[in-house]
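Next, two complexes with chain A in common: one pairs it with chain B, the other with chain C.
Let's look at the complex of A and B:
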C-alpha cells in the first residue's frame, strides 16, 4: 500500500492544533504577570527555531525517515521510542483534558467515559491514516478561527492596558520557568520527525510556518488574557477558556459549552495524530491504532488519578528529553549520515 | 452449433430448459429448412417481419444450397443495424437474452443473430427524484439505449464514449461507462472498468450493486460515488472529466468521483443569477448542519447545558417540557422515529395516498400529541425544522439521518462533548473518503482555489471554472492544503 502523504500546510496546522491543545488545558495556578510569559514564549520560540534546523535541513535535502536512515535494517527500534513518547503525551493530554471537563462541566461526563470516548474516536481517526487527520485538521483550524472571531465580535469584557507591565527583577524566576516550560513543550519537533515521511514537500514551510503561526496566535491570546483577566486567572483556572466567558449574545447566553465542543473536536484530532504516530512501528496499522489507544487510555487514567501535570518536575524532564533527543539529536544524526552517504555516492 | 437444424434448436432449447418464452418458427427458403428463434417479448414482431421474413419469402433459387441461403440472409435479407455470426450455443443464448433473433439454416453449422429488440419499456419520464424548475424534464430511462441517447443528445461530440461491459454472473447485465475522451483521465477510466469487471454479484439490479466496486474504501459514512437520474447532470459531470456508469434496467447513473460540495449543487443554480444561486447554496449548507445537529444540540442543551440558552428561551422550554410525561431524550427519539416511519410510508405508498399520510402524520398526530401533552411544542418545532432542512439536501439524506440520531444519543449521554466526538469522527470519515484518488472533501480540504468558483459561491458562467478531475486530483497530490 502506498504511503499516504499530507501537504506542508496540513502538517503545519496539525502541529499548531497540538500546541493550542496544550495551551488550552494549561491551568494557571500562579499567574505572575503577562510580560514574562509573553517574553518567555518569544525566547522559547527562537530556541525552537534553532532546535528545528537539523530536521528542516534533513527533510529539505530529501531525507525521508530518520529511523530508516540511522537503522536501515531495524528502523522499528527507533520508531518504538517515538511511539512510547507520544503514547505518554497522548495519555497526559487526555488526562488533562478530562481534568478540564471535570473542573468546568463536572456533571456532563464522567472521567472514565471522557477518556474512553476520546481514545475510541482517536483510534478510529488514526486507523484511517494521516491524510484524513490532515484534512480534518484544516477544518478544525478554521472552526477555531471562526469561533474566535465570532466570540471576539460579541465580547462584552473590558480591558486595561495597564496590566501590561515592564519586566522587573522579580519576574526573572517566572520568565525562566515559562521558558523551560515552552521549550519542553516543543514536542512538535519529534512529532515533525515522526510525520516527516508522510510529508509531501516543504519541510521548512511547515516548520517555520508553524512557529510563526504559534507565536502570533499565542502571543495574541496571552496579550488578551493579560489585559482582560490578569491576576483573576489564578481564580478562574483555565485562562483561555475564561476569556470566552465574556462573549454573549441574545440567543446564546454563555459560550462555555460551545467552546468546549470545539476543544473536544480538536482533542480527538490531536490525540488521533499522536495515536497515528504510535502505530508507526506496527505492521498492522489498523489493529495497532486500537492497541495504542487502549494503552493510551491506561496512561490517561493513571495520569488523571495521579494528578500529573505538564509542568511537573519528572514530566518536564521527560518532555524535554524527548524534544532534544527525538526532535533534534535524531534528525541531526540522520542528517550527518545522509551527508556522508551522499558524499560516498559522489 | 450443429449443421442439423433440429439439433441446433434442441441444443438452444436445452440451455433454456424448455422455458416457455422461447419461440421457434420453422420455415423453408427455396427448399432449405430454416428456423428462427426468439424470446417472447424481447423482440418486436412487426420489425422482425419486415426485416427478415419478407425478404426471406422473396428469395428464390433453384437447387439452393444451405450456404447460399445463409449468405443471402447475412448479406442481403436481414435489414438490421446489428448482426453477428453465432458459433456456440452459449453465444446464441446470450444474444437471445439481449433481444436478438437467431436465424438457423439446416446444413450450416452456425447461426446468425439479428438485432430486433422491441421489449416494452417505460417511456422517458420526468426526474421525480431530482426535480427542479428550469432544467430538463427528461429523466434517464430503464432502457440503457434510451439513456445513452438522452446523454448523446446533450453532448453532440464524437469524443463522447459509451463503453459497454457486462456484469452479474447470472443476469449478465449490460453496464455502460460514459466519458469524454481527452477529458477523463485514462487511469480513471481503466480503474472504473476494472471495478465493473470485478463485480461478483449474481444479479445487477440496482446501482447499489455497482457502487461498492467503484469506491476505494468501504465502511465510510460518506460515499465518493453519487447517483443521478438526470441526463443533463450526467452530461455536465462527464464534461468535468468524471465517469458515469449506466446500468441496463436502472434509471439512475452512478457518477464518480463525486464530492461533498456537489451534494449542495442544483441544476437551477446554473440557470439563476449567481447571487441568488450563491444564497440558495449557502442555505443548503446551513440546512445540512441544522438537519444533522439541531435535535442533538437541543437535547444536549436541555439535559446538560441549559446555561447556553438565554433566560427567556430557557424558561419557555422548561415550561413546555414540564407538561410532558417523558424525558426530553425519549421524547425526541419517539418523534424522530415517528418522522422516519411517516417518511418511509410516504415513499412506499402510491403517490395519492402518500400525501394523505403526511397530512395524517404531520397535522393530525402532531397536533394531537402536543394538545394531549405527550410531546412538547418546541420539540415538535425542532423536528419540523430538522425535517424540512433534510429535504433541502436529498443527496445526503442517509448521512444526515445517521448523524441526527447519533447526535441525539451522544448529546443526551454526554452533552456537547458527545456531539464533539461524533462530529470529529464524522469529519475524519468524510476527509478519508476518496474516489479514484480524488478527495471527497475537495476542493475545501485539500483546498484548491481554482475550483472554488462553484462551491459556496456560484460565480457567473463567464468566470466559473469547472471542478475537473485533474484540478482536484492535482490538489491532493501537489500541495492543496
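Let's look at the complex of A and C:
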C-alpha cells in the first residue's frame, strides 16, 4: 500500500492546531504583565527556528523516515520512542482539556466520560489516515481563525496601552519561565519528524510557515489579552477563553458554547494526530489506533487524577528531552548519515 | 456511518450551552441584583426576575407587574442568598442575563472583596456595571420607571449614558477587579440615586421619579474610601484620558450658556519636576453651543468652557492627592514611561500621586 501524503500547508496547520491547543489549555499561574510572556514567545520561536534546521534540511534533501534512515533493519525501535512520547502528550492534553471543562463549566459529563469520548473520536480520526486528518485540520483552522477574529472584533473592552510595559528586573523570572515553557512545548519538532515521511514536499515551507503563523497568532492573542483584559486573565485562567468571555454581540450573548464546540473538535483532531503517530510502529494501523487510544485514555485518566501539569518540573524535562532528542538530535543524525551515504554513492 | 458522525458533531453546536441543563420554565432569569445589609449582619439581596407565567397571550413580552418581579432573599453571604432564592422558588437561578448590580451605600464599610469574588465565580457577565446607590438597593431595583420596560434595562441605560457623557467612570466587574488588584490604584464607582418628587396626583402621565448618577464612591484596594461629586467624577475621566463627550453649563456676563463638547481627545505625558511626577494633559474637543443668551459672545462662552474643564480637573486632582488614591493610572504611567523611577516607589505609588503636579491645557474648536 503506497504511503499516504499531505501537503506542506496541511502539515503546517496540523502543527499549528497542536500548538494552539496547548495555549488553550495552558493555565497561567500568574499573568501580571504581558510583556515577559510576549518576549518569551518571541525568543522561544527564534530558538525553535534554530532547532528546526537539521529537520528542515533532512526532509528538503529528500530524506525518508529518520528511523528507517538510522536503523534500516529495525526502524520500529526508534518509532516506539515517538509513540511513547506522543501517548504521554496526548494523555496529558486530554487530561488538561478535561480539567478545563470541569473548572469552567458546571454540570458537564464526568471526567472519565469526556476522556473516553475524546479518545474514541480521535481513534476514529486516526484510523482514517493522515489525509483525513489534514483535511479536517484545515477546516478546524478556518473555524478557529473565524472565531478568533470575530471574538476580537466584538470585544467590549477598551484598549489600554498602559498595560504594555517595558521589561524590568522583576520580569526576568517570568520571562525565563515562559521561555522554558515555550521551548519545551515545541513538540512540533518530533511531530514533524514523525510525520515527515507523509509530507509530499516543502519541508521548509511547512516548518517556517508554522513558526510565522504561530508567532503572529499568539503574539496577537497575548497583545489583545494584555491591553483588553489585563489582570483579569489571572482570574479567568485561560487566555483564549478569556478573550471570548468579554465578547458580546446583540445576537450572541455568550461565546462559551461556540468556543467549546471549536475546542472540542480541535482537541479531537490534535489528539487524533498524536494517536496516528503512535500507530506508526504498528503493522495494523486501524487496530493500532484504537489500542493507542485506549492507552492514551489510561494516561489521561491517571494524569487528571494526579493533577500533573504541563509546567511541572518532571514533565517539563520530559517534554524538553523529547524536543531535543526526537525533534533535533534524531534528524541531525539522520542528516549526517544521509550525507555520508550520498557521498559514498558518488 | 460518516453521516451519523457528522450529525453527532453538528448536534454539539445545538446541544451545548454555558450553564446547567434546565428547562426554561424551571429557570429564574435574573435581570438585576440589589445588595443591602441585613439586620443580622448578612445581606438582603433583591433579584429582579423575569416571570413568564403571567403572560397568557402570545403577544410581545410586556415587562409590567405581571412579568417582572423583585424577589428578596437573605443570607450570610451572597452565595447563601442565591441558594435561598433557589429553594424558595424551586427554580434554577440564572445570572447570565444580569444587566446591573446595585450595592447600597450602607455597605460602604464592608468593602468589595467578597462581592467581586462571588461575581467572578458566578455566571454574571464580566462586562456588567456594578454601582452604588444612595439608600436601599432593593427599592432601586424594584423601581417602576416606565410602563412596558424593566427597571433593570432603564437603570443600566442611565449608568451607560452617564459613562458616555463622561459624568461617571465605567465600573464593569472586570474594570473594578483590575483597578482594585493594582497597588494604590483606585476607581470611582458611580453612585445611583432614585429620588421621589412631589406626588403628581391622579395624572398618570406625569412621573414623580428622577433617576440619575449623582457622583461616585472612590474605591481603593476593595475598600470604599470617600465620596466624589459629579464634577470630580468628570474630572477623573478627563485626567485619566478616557473622556469622549461632555456637556457643560457655564456662566457668562450675559447669563448662563450650555454647550456640548464632542470628539474629546486627551494626550497625557509624564515628566518629572523636582523629583515629583509632572503630568501634562492636553485636552482638545469640538464644541457645539446648545443654548446661550442672545447677546452672549461665542468667544467668551468658549473661554468659560475651557476654564470649566480645568476646574473639573482641579477637583479631581485634589480628590486624588488628599489620600494618594491613584485614580488616573499614574502608577502604571510611571512603570511604563519611567521604569527606573518606579523602582524608587517600590510598587506603592501613593506618595507619587500625592506629590504629582499637573499641567492641564484645554483647547476647544467649533464643531
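By definition in this document, the second predicted complex is superposed on the first by the 344 of 346 C-alpha atoms of A that agree within 3 Å, B and C clash if a C-alpha of one lies under 4 Å from a C-alpha of the other, contacts with A are read in each partner's own complex, and residues count from 1 in each chain.
In this section, contacts are C-beta pairs under 8 Å (C-beta built on N, C-alpha and C of every residue); 3 or more make two chains touch, one makes a residue touch a chain.
Fair warning: this is a prediction, and the values are worked out from it, not measured in the lab.
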I'd like to know which partner A:138 touches here: chain B for first, chain C for second, both or neither. first
Is A:251 touching anything from chain B or chain C once the two structures are fitted on A? First, second, both or neither. first
Tell me which partner A:105 touches in the superposition: chain B (first), chain C (second), both or neither. both
When the two structures are overlaid on chain A, which partner does A:176 contact: first (chain B), second (chain C), both, or neither? neither
Is A:200 touching anything from chain B or chain C once the two structures are fitted on A? First, second, both or neither. first
Can A:229 be said to touch chain B (first), chain C (second), both, or neither? second
Taking the superposition on A as described, I'd like to know which of chain B and chain C A:261 touches: first, second, both or neither. both
Have a look and say if chain B or chain C is in touch with more residues of chain A. B
Who does A:269 touch here: chain B (first), chain C (second), both, or neither? first
Partner chain(s) touched by A:162 [first = chain B, second = chain C, both, neither]: second
Dual-contact residues of chain A (chain B, chain C) 105, 107, 124, 253-254, 256-258, 260-261, 264-265
How about chain B: which of its residues touch chain A in the complex? 300, 304-305, 307-311, 313-314, 414-421, 423-425, 427-429, 431-432, 439, 441, 444-447, 477-481
Going by the contact rule set out above, which residues of chain A touch chain B in the complex? 7-10, 13, 101, 105, 107-109, 113-114, 117-118, 121, 124-125, 128-129, 131-136, 138-140, 200-202, 250-258, 260-265, 268-269, 272
Contacting residues of chain C [partner chain A, same complex]: 5, 9, 12-13, 16-21, 96-97, 120, 125-127, 174, 177-178, 181-182, 242, 329, 332-333, 335-336, 339, 342-343
Give the list of chain A residues in touch with chain C in this complex. 105-107, 124, 156-158, 162-166, 168, 229-232, 235, 245-246, 248, 253-254, 256-258, 260-261, 264-265
